[in-house]
Each structure stands twice: as structure tokens, then as C-alpha cells.
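Same chain, two partners: chain A is paired with chain B first, then with chain C.
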Partner chain A sequence: MASIQLNRVGKIYPGGVHAVQSVDLSIEHGEFVVLVGPSGCGKSTLLRMIAGLETVSSGTLSIDGVVMNDVPPQDRDIAMVFQNYALYPHMDVRTNMAFGLLRRRRFPSRLKACFSSAYAASRRIERSDIDARVMAAANTLGIESLLARKPAALSGGQRQRVAVGRAIVRQPKVFLFDEPLSNLDAKLRVEMRAELRMLHRRLGATMVYVTHDQEEAMSLGDRVVVLQDGWTQQIATPREIYETPANQFVAGFVGTPTMNLFQGTLACESGRMVFTSSHLRLEGSVPSWQPIVPSLPRSCCLGVRPEHVQLVASGGTPATIEAVEHYGDRMDVVIRSCGHRIVARTGPDATLRDGGAVAVQFDLARAHLFESTKPFARLIG
Partner chain B sequence: MTSPTVSSGAVGGTMAKLFAYAALVITTCIMVFPLVWMICVSLLTADRAQSATVSGDLVRLIPMEPQWGNFSEALSQMGSVRWQGFLDALANSVVVTTLVVVATVLSSSLVGFAMARIRFRGREGLFLLMLATMMLPGQVTMIPLFILFRSVGWVDTILPLVIPAFFGNAFFIFMYRQFVAQIPEALVEAAKIDGWSWLGVWWHVMLPLCRPVTAMCAVFTFIYVWNDFMGPLIYLHSDEQATLAVALNSFRNQYGGINKVNLLMAASLITMIPCIILFLAAQRQFIEGLGKGAVKG
Partner chain C sequence: MVLAIGLVAWSFHRVGWRAFHSWQNHSTVDKELVVLHWSGEGGPEEDAIVEDSLRAFEKLHPNVRVRRINPGDAGSFYTKLQTMLASGSPPDVFYVGAERVASFADMELLEPLDPYLRADAESRPDDAINLDGFFPCTVEAFRYDGNRSGAGALYGIPKDFTTVGFYYNKDIFLRAGVPFPKDDWTWDDYLAAARAIAATRNPDGEPYIGSEFVTWPMMVRAFLRTEGAEVRGGDFNDLRLDDEHTVAILDRLRAWRQDEVNTLTSGRSKLATGAAVFTTGRVGMAGPFGRWVVPEYRRIRDFDWDFAPLPRGKVQSNVIATVAWSVSAQSSHKDEAWALVRWLVSPESQAANAKLGLAIPTIRSVAESPSFLDPSQKPANDRGFLDSAAYASVVDWPSDPRFEQLLGGNLDRALKVGDLTVPQSIDSFMKQWAIEKNSPLAKSGFPRFPWQPIAWTIACCCVVALTTFGWWCLTSRNDRATRDETKAGWLLASPWVLGFMLFMAFPIVMSFLLSLSKWRGVGPIETASFVGGANYFQLLIHDPRFATSLKVTLYYTLIAVPGGQILALMAALLMNQKVRGIHFFRAAWYLPSVLAGVGVAVLWRWIFDTDGGLMNAALRPLLACVHLAPPDWFGKDAAVWGAPAFAIMGFWMVGGGMMIYLAGLQSVPEELMEAARIDRLGSFSRFMRITLPMLSPVILFNMIMAIIGCFQVFTQAFVMTGGEPGDLTRFYVLYLYNQAFEFYEMGYASAMAWILLLITLALTLITLRGSRGLIHYEGMKR
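Take a look at the complex of A and B:
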């Protein structure tokens, strides 16, 4: 286990591309932190900097309090699981898993004298210990029967397990995962997600995980770091990220379907909050918005999650159904109202059809308010 | 009962196949003719071989009474001492060729790997400079190199033939570089994270994965060095140091002519055998290496 500290860490590629900008992050011992964001947001670069595969352009990166900026990957005591598994194709599974320890194996007595000075005595490992560690990791991951196979003879899921096994065998301070599940099919991905979570509980190791899949991030991480264009947008628990997104980007990125966002004007009329956006007019009494009343009226962005949009027969804003998506346990309904495209979530039993008329109501008490100009930050809460 | 009909497309396909086979057979005949000529001459008596080669009469080339004894006779007459000349030359050829093949494979793969995977200042410039050396004809450097090796006292030793191989071969470095560039970088990164140094990554990961290029490099180098005449002729002066290619020269008389062309062909045929066996053994990997190395990474 180890802690990781990133202090104003930045990365500028040759040509002046700023991939990561002044990231501050402190990862505790045994914590599972997920870096999430769209393609090109710098999450993989950040992970590769922790691994030592990319140089740090600015700031300091420490593991267990030791600055690692100039320490090569092999001396950081980390293990990494790659997106494409990176299994050595000419080695069988057993050798693949043991490969990280073979460098440190104890030499036969005749050779020992020649090589002993090259390795610190404390880091040497007996061959029998290597075999035992490989077997233990194989048992944990259920791949004992695959040890003699070459990677080419394995399925995607099996390769993924071997890649994780290779990391476990090393017993490193930190585990790094670079989109390890993105090449698996949806069902296997969900299974592996649960297995990784269990593995983290069992090993209690510090893990940093990169994904572009926000669902994966929310289900795996103790904390989630949302990145955009190299900047940290929010660092919080999955629940906080979902319930109190720090800005419009996080609000729009996290959640499936994404949050409905409306640009408009908020005013206070006779003690009631009134939000207008083109022809859409929403009003209600929202006590939690009282702190911003003195600054009203003002332009802002209103965000409402699909589950907080209710479809009713009458008594709401008229809308037309554009599409109905059935998921068995629920339905996501795309509607158009007052020129806005809105997504609502309803139960599976609603009788709705494409093109039908419906009325829509918004739960303003659970809505989110953001600034309508940069940095599009959350206004309340 | 209806008679079977053949579509025009099928006829066209068959004709195309026939043409292709005919072209291949003719080309093969042209390519194989020198070898067949060599085999025939090696089985003739000395007089018949002399007259057949001088007259160019193909019918006289047919060995009516094959002289199988020519082969042992040829080997025993190589060099100045009976049998000893052949055995010395064989040993020298084996030593020089083995050392050069091993050195070329190790050095070229190491440099090719570094050029493809290690980022350092001036990498592209160095690579271009190295490629530029391929344009330099060997004859241009022959005299300066001889003077250099003579000044360090290496003449009449195998060192001038072997040591340069430890500095890589531009063509094979290029092939290795292109091949390594196609191997996912994640493998190198994984090995680095697994604790291996650049040398460890090269030895344990890259070299095994470069087997097709290594086969090609080894076969090409073996054939070149085994058959090399000019290098040993320049640097190896004494009979005991001669390689097979130079030892064959003992069949020439003092005026540059050939006294026993049948024995020369028999000896030449035997020296060719290792190259043929090696090529056949490594054929699949060799062709795979040619194809893969040619693709831009």
C-alpha cells in the first residue's frame, strides 16, 4: 500500500500541447481512485506520469512522500494493467505472470558470486517463492488451468485476468489500470468490474484506474476525478459527483442519460422562483435557492436529471414524445417541449408511444443551478 | 442425356493457370540451369569436362559414366596439403561465419530496437546517417579499412572479418527498426514496469518477437559470409587462415586458368550445401521476415 501525492502536476508534449494542467490530487493508502473524462482529457497521460512512462513537465509527483519525477518506472514499485493487456506473446501464462519477478530471482549458487553484487539481497526471490506467488494469484483469479497456454490461445476475458494476475504477483505498492475493460463485451465488463472491486477489498492496495466510461467510474471508485482538457473538474465520491456536480461539464458528463441543461434567466417573483428559457417557464418555491435571491434576476443554467422530470397526463408543460427507449426495468423518454429536447425517466409500465402528446413537470427542489458563463460553476450547494 | 458444358470463365481460368505454370517452369529452368551445369561438370572426367566447357556442347555435359570420386578427390586436393587444406578452410569458414552471424544479429537487433523505441535527441538524424552508409560501395572503403587493420596488426587474422559485424549492418538495422516499430509499445512499457532495463527488454521481449527478421538476417549474413571471397582474400594471406571460398582458388593454375574444372565444380558444389540446407530450413521464417520488415511501421 502507498499514498500518492500530485502537486500542481502538468504535462506539455513537444509542440506545446498541454495534456495535463496543474493537477492537485492526494490518494490515500488503499484507496481506489478513478480518473474519468472524455477522450483527450489527459487521464491516461496522468496515469502514465504516475507510472513513470511519461515525464512530468511541471509540479511534483510523490509516492509515499518520495518525489518520483525522475525515477524510472522499474524503480517505482508499481504494476500496471494495460488496455490491450500487453501480455508477452512468446511466453506462456505462467512466465507472463512471473516475468516481473524473474529479474529478482535468486541465482544458482555457482552464479551467485558473479551476480550477487548486482542486486540488493533484500529484493532477491527464490524460484519456489515465485512459483507460489504465481499459483496464489492464479487461484485468486481462477486461471490455474491456463498457466501453460500462450496468450494467443486465451479469450479476451482470460487475457484480462492474466494481465491482472501479472500485476498481483508483483505485490506492488500501487496498481495502475489503463482502461482495462474497454476491450471486453458488455456482460464480461460488468462481471470483471465486480471482480476488480472484490480484488481491491481483498488486497487493500492503492489503485488508480482510468476509464472514459462514467458508469464504470461511479461503480468502482472510492473517489472519482473528473477531467476535461487536462484540468481537474471535480474530485469527490461517486455519490457527491452525481448529486452535487461541481459544474456544467460534470453535470453533463455523469449520469445516463445525461442531465437536461437549460440556459435561461432565474428571477424571484412574489417569493416564488421563476426560471424562463425561450418559451419554457418553470416556477416553484425552492427554499434551498434563497441564498442567491439577492443576485436575482440573473442568467444561469438549470440542470434537471431525467429521473426528476415527470410525465403526466395534464397539469404540466405540454410536450410531444419523440422517442421511447425500453430498458425492461425502466423507460427513457425523449420529448420536445417549448423548443427544448428533454429526456425523462419513467417506470416500465407507462403506456407511451412515439409522437404522442404528454405533459411534463420538473422537480425544481432537486434541480441544479450553474453559472451560464465560464467556469460554469455550481451556484448553490 | 445432356453433355457437360464448360463455362467460358472456367476455360479462361484454366488458360491463365497454364500460362502461369509455363512462365514459372521456364523461369525455374533458367534459374536452375547453372546449378545443373555445375552438377553435370562435377561428375565428368577431367578431359570430357575440359572439352565440354570449352566447346559449349550441351550433349557432352551429360555424365554417361558419373565420376563420384571427383568429390573426395576435389576436397583432398584443396590447398597445398592433401585433405588438410579442406579441413582448415572448413573450420575457418565455420568460425568466421558463426561469429559474424551472431554478431550481426545481436548488434543489428540492439541498434534497430534502440532506433525504434528509445527516444533520444538526434535519433532521426542518426538513423538517416546510418541509412546513408548503405549508399557507400564496399570497394570505396576497402583500401582505407585495409590500412586501418594493418596498422593495428590484424592482417592475416580473422579479426577484420569478424569485428566490424559487432557494429551492426545498416540494412538489417533498418529491417529490425521497421519490425520493432510494429510491435505494440505497451509490451516495452509493461516490461519496463515489470522491472527490466532496456537491455533486459531487448533480450527477453524484443529479440524473441523479432524471430522472422532474425531468421532473415541470419540467412542473408550466413550466405554472404560463407561465400565471401574478397574479404578473406584481402585479409587472410596464409593457407592455414583461408576460408573455403579462398581455398577453392587453389584449383586455378599460376596463369589464372583452371586445370581441373570438374574438381573445381565438385568442390564448389560441396561448399554450397550448407547455404542450401540453411535456406530450406529457415525458408518460412525468412519469407515472413522479408514481408514483415518491408511494411512501414
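Take a look at the complex of A and C:
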């Protein structure tokens, strides 16, 4: 178990590309932190810097208070699970898992064992200790029957387990995961997600996890770090990220289907808040918006999550249904209203059909307001 | 595209035009003569002189056209001659060296020329060849009576010749305070001069070397003759090599070379006997050489030199080397061919040739004329060559070319390498020669090779196999689509299949059939006789040189394969770095692998030169620290260092293997390396535990290719040492080549080729079996 501190950490590649820009992050003992963002946002680079596979261009990176900038990966006491698992193809599963431990011995050990019986005995103990740890990890992951196989004879999910097992056996200070589930099919991915979560609870180890899948991030992380173009956008718990996204990017990135965002003008007309965006006009009294009234009218961006868009028979803004996606327990309905494409989430309703007419209402009390200019930050809350 | 079409059209047009021209010419020309010659040391100048001479002949004889073929040096010449003879289209007129007359005459390749001479003397006394005007020793060289040279029918008209002696560096003589040699100097004078020079040091403080003494059998025999010893009695069935007197003389030569420091140098290959001897500026005398080195010595700058005939011992003696123009016994225009020979050895032609300085005209009057005795050109002592001719005689050897190679090889063990004493080397020679003479293959009376029944059998088998295959194709696939696909597949593969049948399968089958036969390779293949397994039996049971060549090759393989692979892998690791300009470095590493073999071999011969070579120049100061001298690679130390020298040379060309390793290294996923770093492996452990196992299939492939390559080593050895000294660098394929193209034993050589195939196959299988469990193919699967 360990804590990790990143202090204004940046990475510039030789070509002059800024992959990571001045990241400040503090990861506590036993915390599960997920780095998430679209491809090219620098999340993998950040993870690889923690692992020591990439050099740190600026800032300091410390593990347990020790600055690690120039410490090679082998001396950082970390374990990493790679996207393609990176199992050694020429070794069986048992050796793959034990490899990190076996290599602690030096080359002449075999020779030494011939001459020193005490040394040979200690080696036997060491060996049985390693075997026990491998067996324990295999039990945890349910791969005892695979120990004698080579990676080529395993399925994707099994390889994934072995890769995780290899990390567990090492009992490192920090576990690093680099998109470990992205090569698995959807069902397996959900299963593995739960297992990883349980594993974290059982081991209580510090884990840093990289994914481009926001759903995975939300479901796994104690805290989530959202990155874009090398900059951290928000560091918060999944709940906070969802409920109070720090800016337009986070709002649009997190949640499926994504938040409906409207660029428009907010004004205060006789005590009521009025938001207009082309032909769309939304009115309501929203007490929580009071703090920004003095600056009104102003242009801004209004965000409403699909579940806060209600489809009603009458009494709302008229709209046309463009597409309906059934999920059994719920439905995502794509509608068009006043020139805007809007996604709404409702309970199962057999009456809604493609091309049908419907009215739409927005729950403005749970809507989000963002600046319409850079840095597109959250206006209130 | 247009350019390509244009080029093809243009070249077709050219070829067609030329063919049309020659056809048009043919209608006016009645006869075409083919002339085959070489211009080794004479270079382009000699080539031009022959060409001019032939064109002049054409003018005089408008109904005769002469086609000239010059394959290059003497070696290529004889190979070309052999292929022309075997294909049944021998040249009409060609060079024959005196040393080959006997064997060629035995094979009935040469037309006896006495009848033509007699006819000329009667019909055209004015321009008939007058043999009395020739140096008698040169004419004798081309007489052969079926048993020994010097008498019998005349098989060629000598065009030029040379006597032998020593060339010397005047500056070194002056520096050592030794008087220049006189024409009547003795071996004692020679030795005194060599010792005096050896005791002198050059301005850099390095000692001079007294003399280079080549130990070719011909020169050894010349040396023996000056001491009044002859290697044979009446004929070669009465060998007197083990005569006490002969042994004593040879032992003296051995002692000069082996027991004294710097008096005589130890062996050099034929290649290094040209200008190389003197360009180092450290050698006082070199020889015995003939006239052939003169053009090259003239080209060395700042070199003051002259010639002295062979020193005298008990008697004054000398040997000659000579080449004649001969007429093929199979020529269909013998009279025209004879006319051409008459023209080519005429005083005018000889005078033109003499200007080269390469050889002495065979007509005495031309030799005495200014064309040869040119005072403006070195050597000043041209007369020395002519005067020796009075007491020179030809070196005849038995018609079997093996005799000379065996004698030379064995004597070299005593004279050059020094690992045998003179009696031991002579004894070894006598034994090997006895094996050759008593070989069942040397006897005649084998039945004709049954070509017809075999050809019919093979043809029938082919027809049956094809029919069966066709029937199987048609019946086993009743699905129409599959059948169409099969048809298309065969159609598309047919160019390769046809090519394979014609150019691979046919020669393979032929070589197997030939391995059961005795065929000299100079007559049509119908002349082959059937010997059954005798070739294999002789090779495996009786031929000691076969075992030696195998040993040398194995020794080389043992060094070259592991060393080469380790170096190639190291180079690949180096070239796998991400550095600026890495593509340039990769190309640079690979470059040696694409350079031509012969040129590179010549270059390396220089590098391994014992005295002036780069390798020893680099090693000398290093080894001096531990009081060792660098090895005499292809001389004294050839038994230990000969094969390794070739291996070291091979290391220069690791680029090919490196490329394959590089490709292998780049296919090792980066992630694995990262995983290993995180698993706390240092860079060496990563290499040993991850990279090597991942590369193991590539290593196995490279190993097997390298083993096969090692067993096929030929060019380097052929060019650099020719297998010498003794048989210490005679690699398997080189010996195979000797058998096929020097001893004219095609059947024997084919048997060797098949044994080589089996050896390579066995080694490959052993490697494959032995490496099981060490090779991880898992890394290859993606």
C-alpha cells in the first residue's frame, strides 16, 4: 500500500508534443483512482510515468513521499497490467505469475546452492513461499486449472486473469492498469469490472486504472480523473463528476446517452429565468440560479441530462420523435424540437413510435449551466 | 511503363538487327573459326593484341570469320574449355599450357600437327613454320608420345615461353651492401644475399626479409635439377623422391625457410605472388618466377628492380613455362584452323606480343630483336631469360593432374607449414599417389553407362506419375468449383513447376546418375562409363583428402557458425537502437553482404597477409604485450589459423543474418520488455530471459542457414588460398571443384555433391532435434 503524489507533472515528447500538462494529483493509501478521457488525452502517458516507463519532463512524482522521477521501474515496487496483457508467451502460466519473484535472485545462486546447504534450504523455503503465493492468487482468480498452460492456449478472459494474477503475486505497493478490459467482449468486461472492484476491496491496495470508457471509470473508481489534451478537467468521486461536472467537456464526456447541451442566452424576466436557444424557449423559476442573476442577461450553455427531459402528452414544447431505442427497463428517445436534437430517457412506453408527435418538458432545477466561452466552466453549484 | 516498353522494344530491335547482320554475313562467309584464349597477367593489352591479330587474319582470308572468346584468366579458360568440350562444340584453336598437353592428348582433344608442318614445307616453303628457328625446349614441351613429354607427336605450336629466376629489389641490395646477382650466381651466393638482407633493418627499424621462395612443384623441381637431382627415372612409375640425395636437398630448402628467421619467407598463395611481394618494400628477392610478373612490376612506382636467372648448384639448369596454340581434334575446319595457328605464331604476331613484356617469343630471331630486348624498359637483364633457355627444359608431370597437386600439397607441409619433415611429407605423398594409382576408378574397362534404359525408365515413371496424379485430381474432387480452383492453381504455378523441372529436378537427377558413373566431363556424356557405387566407396573408404576436406570444413563451421551468429545478434541489438541516422548505420552494416565475392576475397587476402597485412599490423602491437607474434594465417600456422581466418572474414558479412535478427527483434512486443522491467529484470536478464527465447525460432533458422552456408564455402578459399598450404584450407566444395574441373572427374564430384547433401541434411536434422524445447514458437503466433 502506498500513496502517490503528482506535483505539476508534465510530459513533452521529443517531437515537442505536450502529452501531459502540469498534473496535480494526490492518491491516498488504498485508493482506486481511474484516469479517463478520450484517446490522446495523455492518460496512458500519465500512468506510464507513474510506472517509470516514461520519463517525467517536468514536476515531481513521488511514491510514499519518495521522489521517483529518476528511479527505474524495477525499483519502484509496482505491478502493471497491460492492455494486451504482455504475458511471456514462452512461459507457462505458473512461471508467468512467479516470474517477478523468481528474478529477485542473482545468477550464481544455483552455484551457491551447491556449496551452501543453508543457502539451498533458504532457497527451498523461498521457492515454496512463491508457490504458495501463486496458488493463492490463482485461487482468488479461479485459474488454478490453467497453471500449466501457455498463454497461447488461453482465452482472452483467462489471459486477463493471469495478467492480474501476475500483478497480485508480486504484492506491490501500487497496481497500475492500462486499459486492461478493452480487449474483452462486453459481457466479460462487466464481469471483470466487478471482480476488479472486489479484488480492490480484498487487497486494499492502491490502484491506478486507465480507461477510455467513462462507464468503466464511474463504476470502478473511488475517484475519477478526467483528462483532455493533457490537462486535468476534474478530479472527483464518480457521483460528483456526474452530478456537478466541472465544465462542458466533463458534462459531455460522462454519462450515456450524453447530456443535452444548448448554446443560448439566459435572461431574467420578471423574476423568472428565461433561456432561449434559437426557437427553443425555456422558462422557470430556479432558485439555485439566483447568484448569477446580476450578470444576466448573458450567453451561456445549458445542459440537461436525458433523464431530466420528460416526454408528456401535452403542455410542453412540441417535438417529433426521430428514433426510439428500447432497453427493456427504459427507453432512450431521440426527438427533434425547435431545431434541436434532444435525447430523453423515459420508462418503457409502448405508445412512442418513430415519427410520432410528442411534447417535451425540461427539469430546469436539475439542469447545469456552463460558460459558453473558454474555459466553459460551470457557472453555479 | 512507356519507358519499359520502349526499352524492351529497343533491345529486341538491337538483338534482331544483330542476328540479321550475322546471318547476312554468314551468306558471304564460308567458315567460322572459334578461338579460345586467356589474358590473365597480360590484361586488356594482350586481349587487344590477339584481337588485332585475328582481324588481320580475317582480312587475309576473306572467306573465314573468326570468333574470339576470352573468359579471363587461365582458371576460367580451362573451365570454359571444359564446358565447350562437354557440350560438343569445342573451339577450333585454343591455348594449351605445356603442363596440360599430356592429359589433353590422352583425352584425344588435340590434333597432331606434324602432318600439317610437313605439308606446308612442301606446298608453301616461304611462310611455313620453321621449327628450327624456335627455342628447342619450347617445341619439346608440346611433344608427347603417350607416355612422356619431349618426344612423339607435336600437339601445339608454342607462342611464347619463359624461363624462371629471381627478381630483386636493387635498393634493398644497396642498403644491405650486397652486390647485385650475376647471371652465373650460385645458391650459396643467393643464400648469402638473403641472409645479409635479413640482417638489415629498414628506416623504420623493421627487419627486411631475404627472399620469397615459392614452392610450387615446378619450382621445387627446378631447384632439384640445379642440384643434379631428378624426381623420376625413365618415367613416373620410377619415382625417386625418396632418394637420399633428393631428400637432403629438399631438407636444406626446408631448413632455410623454417630454421632461419627472415631469410626466406614462408608460403604465400598464388594470388600474393604478383606485385604484392614487392609493394610491402620489405622483401629483397622473389622467385623463382617467370616473365609473367614483369608487366605488374613495371607498374609499381619508385621501385628499382632487375632479374637474375635461377642460381646454379652442381649444374646450371632452368625450367620453362610455355603456352602453345593448338588445334582441336574435333574441329571441322582443320585446315583453316592450322592456317590461323600459322598466322598467330608468325614472327609478326610474336613481335607484337613481345611488347607486353609478359613472355619471351618462341622464335629465336624475334626474341633477339628489339621487340623483346627493349633497353628502355625494365628489367635490364632481358638477356638473362634468353641465356637460360639454352639449358632449360620443360617440367613434365604425369598426365594425371592430381600428381602435381598432391606433390605440391604434401611438400608444402614440410616446406611452408613445417608440421611434417621432408621424409614424412614425401612418404605421405607416395601413399596418396599410390591410392590414386591403385584406385579401382583409375582402371579402365567399365561398361558404358546405360543412358537409354535409364532415360526410358525415368520417362515411363514420369508418365505414370503424371497420369496417376491427373486421374487423382479429376476423380477425387467431384465438386466443380474445387476442380476449377485446382486447375487454376496448377496453371498459375506452372511457370515455377516447369522451371523447377528443367533447371532443378533434371540436374538433380543427372548428378545422381553421374555419381554412379565415371565421366571426364570433356567429352559428350555418352562417353561416361558405369561404375556403380565405386565413387562413393572410394570417397568414403580410401580418399584421405575427402576426410581432410571434411575436417577443415567442420572446423570452420564450428568457429564460423557460433561466432557469426553471436556477432550478427550483437550487431542487430546495436542497430535496434533508436538513434539519429540509424538507417544509414543499418545500410552500412549490410553493405558487405552485397559486395561481390571474388573482389572481397582478394581484399581479405591482403588483410591477412603475414607481413604487410592490416590484420597482423593491428595484432602485432597487441600480442607484443604478451610476447606473442601474430599468426602466419595461410603459412606456418595454417593448420590452426587457416580455417579461422576464413571465419573471421565471414564475420565481416554478418549483415545478412543481422537483418533477419533485426526483423525478429522488432517483432518482439515492446510491452513484453516493459512488463519485464516492471518485473524487476535488468537489461541483461531481459535479454537472456525474454529477448532470446522470443528470438529462438529466428536463431534456429539463422543457425541452419549458416551451417548450410558453411558447408558450401568456396569462393573465398578458391581465390585466397586455392586450398593451400597442403590441404589445410581445402574446404569440401573446393575439393569437389578440384575433382570436377581440374581432375576432370565429374562422376566423383557428383558423388561428393550427394554426400554433401546428406551431411547437410543430417546436420540440419540434428540441429532441429537437438534444439527441441529450446525453441519457443509461441512468440510467433499472433
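In this section, the second predicted complex is superposed on the first by the 360 of 381 C-alpha atoms of A that agree within 3 Å, B and C clash if a C-alpha of one lies under 4 Å from a C-alpha of the other, contacts with A are read in each partner's own complex, and residues count from 1 in each chain.
We take it that a residue touches a chain if its C-beta (ideal position, glycine included) is under 8 Å from a C-beta of that chain, and two chains touch if they have at least 3 such contacts.
Everything quoted here is computed from the prediction, not taken from an experiment.
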item	value
Fit-or-clash call for chain B and chain C when the two complexes are aligned on chain A	clash
Partner chain(s) touched by A:257 [first = chain B, second = chain C, both, neither]	neither
Which of chain B and chain C A:284 touches, first, second, both or neither	neither
First (chain B), second (chain C), both or neither touched by A:99	both
Chain B versus chain C as contact partner of A:74, first or second or both or neither	both
Chain B versus chain C as contact partner of A:152, first or second or both or neither	second
Set of chain A residues, in rising order, touched by both chain B and chain C	51-53, 72-74, 78-80, 82-84, 86, 88-90, 99-100, 103-104, 166, 170
Of chain C, residues touching chain A in the complex	669, 671-672, 674-682, 685, 689-690, 693-694, 696, 776, 778-779, 781
List of chain B residues in touch with chain A within their complex	184, 186-187, 189-197, 200, 204-205, 208-209
Complex interface listing, chain A residues touching chain C	51-53, 72-75, 78-80, 82-84, 86-90, 99-100, 103-104, 150-152, 166, 170
Residue ranges of chain A in contact with chain B within the complex	51-53, 72-74, 78-80, 82-84, 86, 88-90, 99-100, 103-104, 166, 170
